[in-house]
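One chain, chain A, appears in both complexes that follow, with chain B as partner in the first and chain C in the second.
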Partner chain A sequence: MSRKARFKEGSCGRRGFLKLLTVTAVGAMALPSESEAFDLDAFIQRHFKELDKEALAKTLRRLEEKYDHDYGRDDFKVRADGPQPGVHYAYALNLSKCIGCRRCVQACVEENNQHRGDPERGDRIDYIRVLEMEKGSLNVEKSEHFYDHEVPAEGKYYMPVQCHHCNDAPCVKACPVEATWQEPDGIVVVDYNWCIGCRYCAAACPYWARKFNWVKPRIPSEEINPDTHYLGNRPRYQGVMEKCTFCINRVRRGLNPACHDICPTGSRKFGNLLDENSVIRQIIATKRVFILKEEVGTDPSFYYFFD
Partner chain B sequence: MYLTFVFRSIRGMLRGGPAYRSWVFLLACIAGFGALAYSRQAQHGLGITGMTDEVSWGLYIANFTFLVGIAAAGVMMVIPGYLYHHKEIKGAVLLGEIVAIGALIMCLLFVVVDLGRPDRMWHMIPPFGRFHFPVSMLSWDVVVLNGYLLLNLHVPGYLLYKKYRGEKPASWLYLPFVYISIIWAVSIHTVTAFLYTGLAGKPFWNAAILAPRFIASAFCAGPAFIILVLEIVKRRTAFPLGDRVIGFLRMVVLIAGLINIFLLISEVFTEFYAHSAHVASAQYLFFGLHGHNQLVPFIWTSITLNVTALLALMSRQLEHRGTLLRVIPLVMLIVAIWIEKGMGLVIPGFTPTPLGEILEYHPTANEIAVTAGVWAIGLLVMTVLIKHAVDIETGVLRQNKAPAGGLVRP
Partner chain C sequence: MEHLGNARRLSPILHGTKPAASGLWIPLILMTLGMAAPAAGLTTSDRLAVISDQLGYYPCMDCHGDQATYTQPRILEEEHVEPLLYTDTEGVVHQVTFGERLAISQLIAEPKAWDLRSEMLAKVGLSIGIREYMEFNGLSEEDSVWVLTHGGGNIWCLNCHDIEDRNKLVKLNGEKLTFNQSQLLCGECHGPALHDWELGIHGKTTGYWNLAMDSGDVSIRKLCVECHNPHAPAFASMQALPPPVSRIPRRGVDAPETAAEDRENGGHGHE
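Moving on to the complex of A and B:
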């Protein structure tokens, strides 16, 4: 069992406390600042839904300039493609096929510009957690999260979990400032410029799908994906919540999510729930489909199935 | 004229005997230290705390939850004091309301220091912000806590000002607010409990018994805290306090404490006898889970303190012994409920995570320093306001009287 080692600054204890006394006494101001310089335009920016066409265009340009500057590039694109009518995205995952290789986890991080963290600390932000489950049990408490051996292992099956894009989402209900909501095409999004960082949504989520930027996200400039969406994979701020958006920057342009395309086994299926001929509708009609934690009543847009 | 009152009040708060001044100085130092620690957190982000995506609330929200209970209990004495015109209690009510003000300021500060983006707090305030009311339980909590703070600022503020001017208070200007605040006090702790019980994805919190337990433990720890304040005021000042007030409050503490224990037994029985898959969090709290047992010594300390203190309170002899013997069980109860309604409530809710992972939470030194700072600010507010109330009630601070020194005996 290899759990991620996690280190936190200044461990609790008398020595840590004494160290803190000195550090604090020397002066907080002397420490190198990791926080952002104050940005008036960002400070007074309105909620995403309240931005009219002109204000939105202006905001997107401002963000592009900021990201170009922050990451030393000149090719940032921040789009805000809207939902298509008659579309409700849904995901289905074939538990009979998934081998637990976690390529989806990696592809997701690269596509969505997550905080890379420190490999030593293991504090990278992942949207997908692949659980190694015991055959014969659906109890996640018996699962292994940090398996470190050749897959697939004997007697195990693998269940990747990510945001379920619930139609009755506890996180959306929880947010005190409407910084997170479900779009008309079913995608649950976060306005990173509106979130106040209270983390009530994270406490509410039954799928542990919401991840917080505990520090200012660090991504090497050469690893940045400059092709971004306002409600999706644009770089985030310190102190805000983020989550899987089904790769909103891709799916709203007719592509599939990155985790879908990378999967070597074809166990990931994505499509439009409202289209009778979509792969999702075929799976629901012909396979043994189930919903994870159906008892919490979240009505997700994410299904698991067996062959 | 009102400005003169404010000016003279502040001057009065800064004066006092050496004990008073050193206490205020000590609290101010801790508060300043906490502010420095917070400035570090503001720069580096909440990553400087022990919180993680696994356990995403910690010491701050734990203290917040406990203090809502203390704030709610300020009203305990309002009921007999105003409803039944119980004269002796009326003076103590003033102090209870001041305790509520201090506790509420701590509650609000704990929420603010827990925010990832405190600069965006205006997002909650319409018309420029978007306040998710009435859907989000957190928005309800913001409304009830701030409303309760206003009520508790108004009633004692008005009464003290009238006394300062030597006038009789007009009952229509404060009595309606007293009645509102009685219902409101119950609401603040109920809403805070609903904040947790409303989450279907967290079986440890998603239990109907949580709100009644919140109220029972609040009406145990809260009056216990107020008795401590009354004992100090009684010893050190000429503030008019009857003997019956403290006796009455001790009875409240005892009854609420017994109800709390009964509810705890009900909860533990239901969790462990049925032994469903939902027992994991309770298992983690009381006995440890898969070798993770960080909270176990704390919760058993809490239960031991709780039971011992209640047994001590039941023995009537203790009341007539020295102050120390009278006070120790109350301190034990406060500590017990601080553990139980703080870390003992918040951390197991996150352990194991909804996906079955267990990661133990260790608060960092910086986080503890911020927490101590918030406590110091709250206690400082309580101290100077109580000093103020004592000055006015004992006639030291009056409109037509030259200001004299503090009343605190050296």
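Moving on to the complex of A and C:
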């Protein structure tokens, strides 16, 4: 049976439709048993970029109600704050200061409503992977990201890797249905209602940044972050791709990403690349800045530096 | 999300510092204190009050007002002996007092004496006072020059604390600073770090990347002393949070149907 038939959610628009087609095509008579009632609104929902103001407002309200219902809450907020003119987000990470404590990984999962997974199988979705590197080497192939000890360890340095929000993003080019794109402010986003789960984007990404929802994400109701964005941390469906969005729900309101604010060492720097007074520009002007895997030519909005 | 704890709030109010000579003027965002107080209308003394509140010993002049100062580097025993955690060369954690901590830093500089100490610690299996250590080694106080961890033996309390007014810190030129200006003290010897801190590169500012959107009470720039203990400034190591577990796909349940399928998909990209 094709992979498509394993998508167990009925209410996710196009994917539900595709599944229906597949199921019909192979002659299966019943929908998967867990399927929810067919949701016409979700089914005819347009691509995010094509939604007009009114349709968008309606969609956001519908989603808020659905999530409140799904998670037994009454405080879901689904935002759709747009990009601001004159802003291109960029991130810089100080490799001389990072000690590899993984506080960022944890804060990210909590902020962005990732699948918590089963602690034993460890299938939690993390957007950030912290590489333990040999001092003096820049070879990420020889790095270790399963280390578990007091940090920083002697002779090591640490390199957290997450979505680089490339300006020439291979993942965007790989998507056959335009379910992922780069916003005018540089954030690479996914429309979960449009993604068909083909995973081409994950294969195309040189930074291991894209994470796939193999299962319906499981998040205890009390751990949900109800402050969400349509293109970011709203609850995801099974069978869709997700990724770091620089915490789009936060940054579009002027706040820093969660990983930035949690870092105890102050290695993480975030700001507007187009503002010459921003910390990012100060770093570019005064530090040794480099790009990971520069040779693949993806033109990231994510820099590393030493001081 | 962020534990604000004793973090100190930023406001666009200029206070105390000038940008270091860089020819670059950035809108210097400086600390104001107190999570509850409104950004505007905070006076310097309000801000000082909040920092001072966090100091267990303030106001210093309650005791030091009529107390003679003995400027010799030594073990402090009567006061300032708050317990500190200290890890010995075998990785065993001991509780030591402020005074002992200063002494120990000296011993680290003298490996021989240091070895003796760990030997002795191993014998009694416990943390011991520096006095016992000295007795054990037949040392008298004159045998040793007690130094501060900070600065590797080159600085002592009164390089930073004003000798007359203990409520103040002191710059190299004798200019007095209140405790809410400690970063300027650090900058005396660590100019580049202070400069980077002013630009927002060293240390961290939580809250808003876009201060124009700050509603006035959430952007915080951490002070040097919130990350570095001024008396033992090396950044503390810590336990890393648990690593990701490598994913072992369960056939047909929720994972790729075959390992090959996972590999085809970039493999380790999807734990």
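One rule holds in what follows: the second predicted complex is superposed on the first by the 269 of 307 C-alpha atoms of A that agree within 3 Å, B and C clash if a C-alpha of one lies under 4 Å from a C-alpha of the other, contacts with A are read in each partner's own complex, and residues count from 1 in each chain.
In this text, a contact is a pair of C-beta atoms (placed from the backbone, for glycine too) under 8 Å apart; a residue touches a chain by one contact, two chains touch by 3 or more.
For clarity, every value in this text was computed on a predicted model and none was experimentally measured.
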Check: Of the two partner chains, chain B (first) and chain C (second), which one does A:211 touch, if any: first, second, both, or neither?
Finding: both
Check: Now for A:255: first (chain B), second (chain C), both, or neither, which partner does it touch?
Finding: second
Check: When the two structures are overlaid on chain A, which partner does A:131 contact: first (chain B), second (chain C), both, or neither?
Finding: first
Note to self: One more residue to check, A:145. First (chain B), second (chain C), both or neither?
What the structure shows: both
Next item on the list: For A:99, select first, second, both or neither according to whether it touches chain B, chain C, the two together, or no partner.
Entry: second
Item checked: Partner chain(s) touched by A:203 [first = chain B, second = chain C, both, neither] -> both
Next item on the list: Considering only touches as defined above, state whether A:307 meets chain B (first), chain C (second), both or neither.
Entry: second
Checklist line | Contact residues of chain A, present in both the chain B and the chain C interface | finding: 3, 123, 129, 145, 199, 202-203, 205, 208, 211-212, 214-215
Check: Which residues of chain A touch chain B in the complex?
Finding: 3, 6, 8-13, 16-17, 19-20, 23-24, 28-29, 31, 33-35, 43, 46-47, 123, 125, 129, 131, 139-143, 145, 161, 170, 173-179, 194-200, 202-208, 211-216, 237-241, 293, 296-298
Checklist line | chain A - residues contacting chain C, complex | finding: 3, 94, 99-103, 105-107, 110-111, 120-124, 126, 129-130, 145-152, 199, 202-203, 205, 208, 210-212, 214-215, 251, 253-256, 258, 260-266, 268-272, 277-279, 282-283, 286-287, 307
Check: Hey, which residues of chain C end up touching chain A in the complex?
Finding: 1-2, 24, 26-27, 196, 199-204, 206-214, 218, 222, 227, 235, 237-248, 250, 254-257, 264-266, 268-271
Item checked: Partner chain A, residues of chain B touching it in the complex -> 33, 36-37, 39-40, 42-53, 56-57, 111, 114-121, 123-124, 128-132, 135-139, 142, 195, 199-202, 277, 280, 349-350, 352-357, 359, 362-366, 368-369
